[in-house]
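Each chain gets a letter, A, B and C, in the order it is written, and its residues are counted from 1.
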Amino acid sequence: MPTQPTWKNTLKACLYLLPALVILITFNLYPIMKSFFISLYTDYDFFNDVVYEYGFGNFAKLFQDPNFSKAMLNTIIFVIGVVPSSIVLSLAIALLLNTKIKMMGFFRTIYFLPFVTSVVAVAIVWGWIFHSDYGLINYFLSWFGIDPVKWITDPVFAMPALIILSIWKGLGFNIIIFLAGLQNIDKQYYLAAKVDGASAWNRFKSVTLPLLSPTMFFISIISIINGFKVFDEIFALFNGRPGPANSTLTVVYYVYQKFYEEWQFGLASAAAFVLFLVVFLFTVVQLIIGKRFVHYH
Amino acid sequence: MAKEALSKGTIYLLLTLGAVFMVLPFLWMISSSLKSPNEVMAMPPVWIPSQLNWDNYSEALRIAPFDKYFINSVIVTVLSTIGELLTTILAAYAFARIYFYGREIVFAVLLGTMMVPSEVLLIPNFVTLSNLGWIDSYKALIIPWTASVFAIFLLRQFFFGVPKELSYAAKVDGCSEFRFLWYVMVPLAKPALITIALLKVINSWNAFLWPLIVTNSQEMRTLPVGLSAFTTEAGIKYELLMAASSMVVLPMLILFFIMQKYIVAGVARTGLKG
Amino acid sequence: MDIRLNQLTMQFEEMTAVDRMTTTINNGELVSLLGPSGCGKSTTLMLLSGLYKPTSGEIFFGDKNVTRLDAEKRKIGMVFQNYALYPHLSVLKNIMFPLRMQKVPKKEARERAIEMAALVRIDHLLKRKPAQLSGGQQQRVAIARALVKKPKLLLLDEPLSNLDARLRLEMREEIRRIQQEVGITAVFVTHDQEEALSISDRVMLMNAGSIQQDSTPQQMYKKPVNEFVASFLGNPPINLMTVERMEARQYKLENSAQMVLLPERLNHERVRVGVRPEDLYLTDKDSGLLSGKVLHIETIGRDTMIRLKIGNTSVRALVDPKHQLQTGDICTLGADRDNIHYFDCDTGERVNVEKEAQGDADTADVEEYA
């Protein structure tokens, strides 16, 4: 059992790795390359799996398609709408939960509930809550004298409805991770700051925030990446359509449309490849900046 | 800290308000699912149905085969979870305990694939599966999901924590490596394996885009796909829609209440590596 | 069964952990492998176990060459520093584990495990899980598990270092008792000299991959074969000084004006002189070896340790507490001639000054050196 590789060990390792590698290579590794190649199919017959022509035409087409620009823009709006407010809210709740109150476990459970539930199911429930005539939200708004809002059918309000649903759905995950980060902070920093006479706000600013920055950074990147991948919520909330007047058409929804509804595999793959680049970019940013600028303890 | 800035009452008040926002959709879903058609559409809303209309559930079942969807979801979830656990245990052991050529490179390549969003793999995988003739079958729903880099990564970390002396002792005791893995490592890794399994169950049960694409026939639909189709089938009968949604959501809620500790621990761990 | 190592060598990439080691461990002996960390003692144990395979050289168990034999086929038992008990199995199941692996029927395995548990005195804890036991109890379980399959050789890798001081003493005696009761050949790795010297029949002191001295504990302490052995053993450590010959038997202590009279047989211009603190005693000026000013006095239990400053060197001595010494006093220390060791300045090897007949302590000659 020495710690040097041998051919005998390599053979043995191959046997252990075989099942996982067969699956991962076929369905994870190979498709990454394949996806890029499909994006170069400018003329493709799916049913006979024959490619007549290759080229970068799909990418050119993609960037000329106003729907794709709209999808990109909508996705960015969605990310901006969800990520900052979700982080602020979940950090605030995590701080409240971290006060060693008695019902902490109970509240944590409640906040975490949406995480374990089907996006489709809860989106349908929210669709009902957003109902313009009989929905709960409009009922609550009526208390303040606000006229019913057509959340699902008005292009202006479709995106806000989607954002509210997404914040609600993702809050629990962020809270759990913030709580883990908070509990990881050595209590001695607080004691030291307290001895130095720092107020609660100062301690938050000069101890909690800097020490929580890796967690914060992790959550931001994960949220941005997940934001770019939003699909299920839209499909279920708007009943299999990308919102009224394409108002919630996002990149993944665009991929789905081109691929599954219009069978334009090349164009869909090109769009998917752009999505990959965006996600890859954020991951790389996380790896580089995360190591350099964030306080690790 | 927040404890000093705010009074205890304020903290409870804020948390309770938030909690209401979080559970209200679930309560509203269950409440609506038990209402009569008139009560559903009542304005101002009726919070508690005057009588419990369990018929909504049987009506939903009559319109769409939710029992069949349910069985499909169970089959897909159970088999892909078992498959993932098996491939993960074997692979994580190799990466943690066997010194072989290319170990670091192979692992780095696998970790690299985690950066690729699964949406990107959708089209090529669909092409692969149709070439294999697997579209609209359990194979298509299960097999691509029986291995996970993330799970291998988690379990490998856990295996690293098991003292080497334990495997030395086992070897001296005449226990083969493969047997050691199943007799000693796997029982020791039970908490990690439960976490991996639960996260897998949740993901598998709730998966939507993939089953939507690889299933054509009603018989192969899983619950989320069936539910999504039901929105058109049920029309504007919200009490039925809510009954159907409850059937999809409740199993996971129950699982969560029972296994909360492991699920929360698993999610917390995904954050700590960041 | 004697165990023979022949030119045993283990190379890790650039480092040679064990370097051409040759020795024999006799049947029924308890041998300690002692040395500083990184000296190769644990690697030697791993080679004996078969968990590591040597780069070159051979290992014989009796007449059988086991060099390439896997651990599970060598009929050995092994005890680890962290006990390496299976955390998910009860004490009984842990002890039964090796037997179950050998396909011993369950009933027999159970009986043998219980018998072994009784030998190590943990038969009242059979149902517990390892985490519910104290360190000493865990170590007993580990010993029982190692012995239950009746191995020919018991290997112990730093078995006591995770225990607190009091338990260490107790377990040390227990290991000796069990080893003698079973009559098994045992190899015990430790970095703790007291442990090695107290329980072993023989000690092998290792440094940089090779055996420095292989002898009984007494011999090793009384007659260190080189400066490394002399300085490794003993607490407080041995005093080592360099002296230079001025004329005939007159030597001058380096960096001081102190003159010492050394034996005639010592035919070196420069030599290292070693005297253990406990071998020094206070004496009058005429019969002393060294004298100097008391720099520091410390009372440790029953002893008093003084530190003398002689030129630039300081010398430690354990003296009788009945002497009323104070810092600043000038005093003279003497030592029996048998207790003064000489080492070559270049090689560090022992320089023998005794007459041919070994070990005749000629105390009558003491004055001669004064």
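Throughout what follows, a residue touches a chain if its C-beta (ideal position, glycine included) is under 8 Å from a C-beta of that chain, and two chains touch if they have at least 3 such contacts.
Nothing here was measured: the structure is a model prediction, and the numbers come from that model.
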item: Chain whose averaged C-alpha position falls nearest the assembly-wide average; value: B
item: Label of the chain whose CA centroid is most distant from the centroid of subunit C; value: A
item: Whole-Å gap between the CA centroids of subunit A and subunit B; value: 16
item: Subunit B and subunit C, separation of their C-alpha mean positions in angstrom; value: 58
item: Centroid spacing, where centroids are CA-atom means, of subunit A and subunit C in whole angstrom; value: 62
item: Multi-chain contact residues (two or more partners), subunit A; value: 1-2, 4
item: Touching two or more other chains - residue numbers and ranges from subunit B; value: 168, 171
item: Where subunit C touches two or more other chains at once, by residue number; value: 51
item: Subunit C residues touching subunit B - in the complex, by the definition given at the top; value: 49, 51, 70-72, 76-78, 80-82, 84, 86-88, 97-98, 101-102, 145-146, 149
item: Interfacial residue positions of subunit A with respect to subunit B in the complex; value: 1-7, 9-10, 12-14, 16-21, 23-24, 26-32, 34-35, 38, 46, 49, 93, 95-101, 103, 107-122, 124-126, 128-129, 131, 133-134, 136, 139, 168, 171-173, 176-177, 179-181, 184, 190, 200-201, 203-204, 208, 214-215, 217-219, 221-222, 225, 228-229, 231-232, 235-236, 239-240, 252, 255-256, 259-260, 265, 268-269, 272-273, 275-276, 279-280, 283, 286, 290
item: Subunit B - residues contacting subunit A, complex; value: 1-6, 8, 11-12, 14-15, 18-19, 21-26, 28-29, 32, 40-45, 86-88, 90-91, 93-94, 98-103, 106, 109-110, 113, 115-117, 119-128, 130-131, 143-144, 146-147, 149, 152, 164, 167-168, 171, 177, 202, 205-206, 208-209, 212-213, 223-225, 227-228, 231-232, 238, 241-242, 245, 248-249, 252-253, 255-257, 260, 263-264, 267-274
item: For the subunit B and subunit C complex, residues of the former touching the latter; value: 163, 165-166, 168-175, 179, 184, 187-188, 190
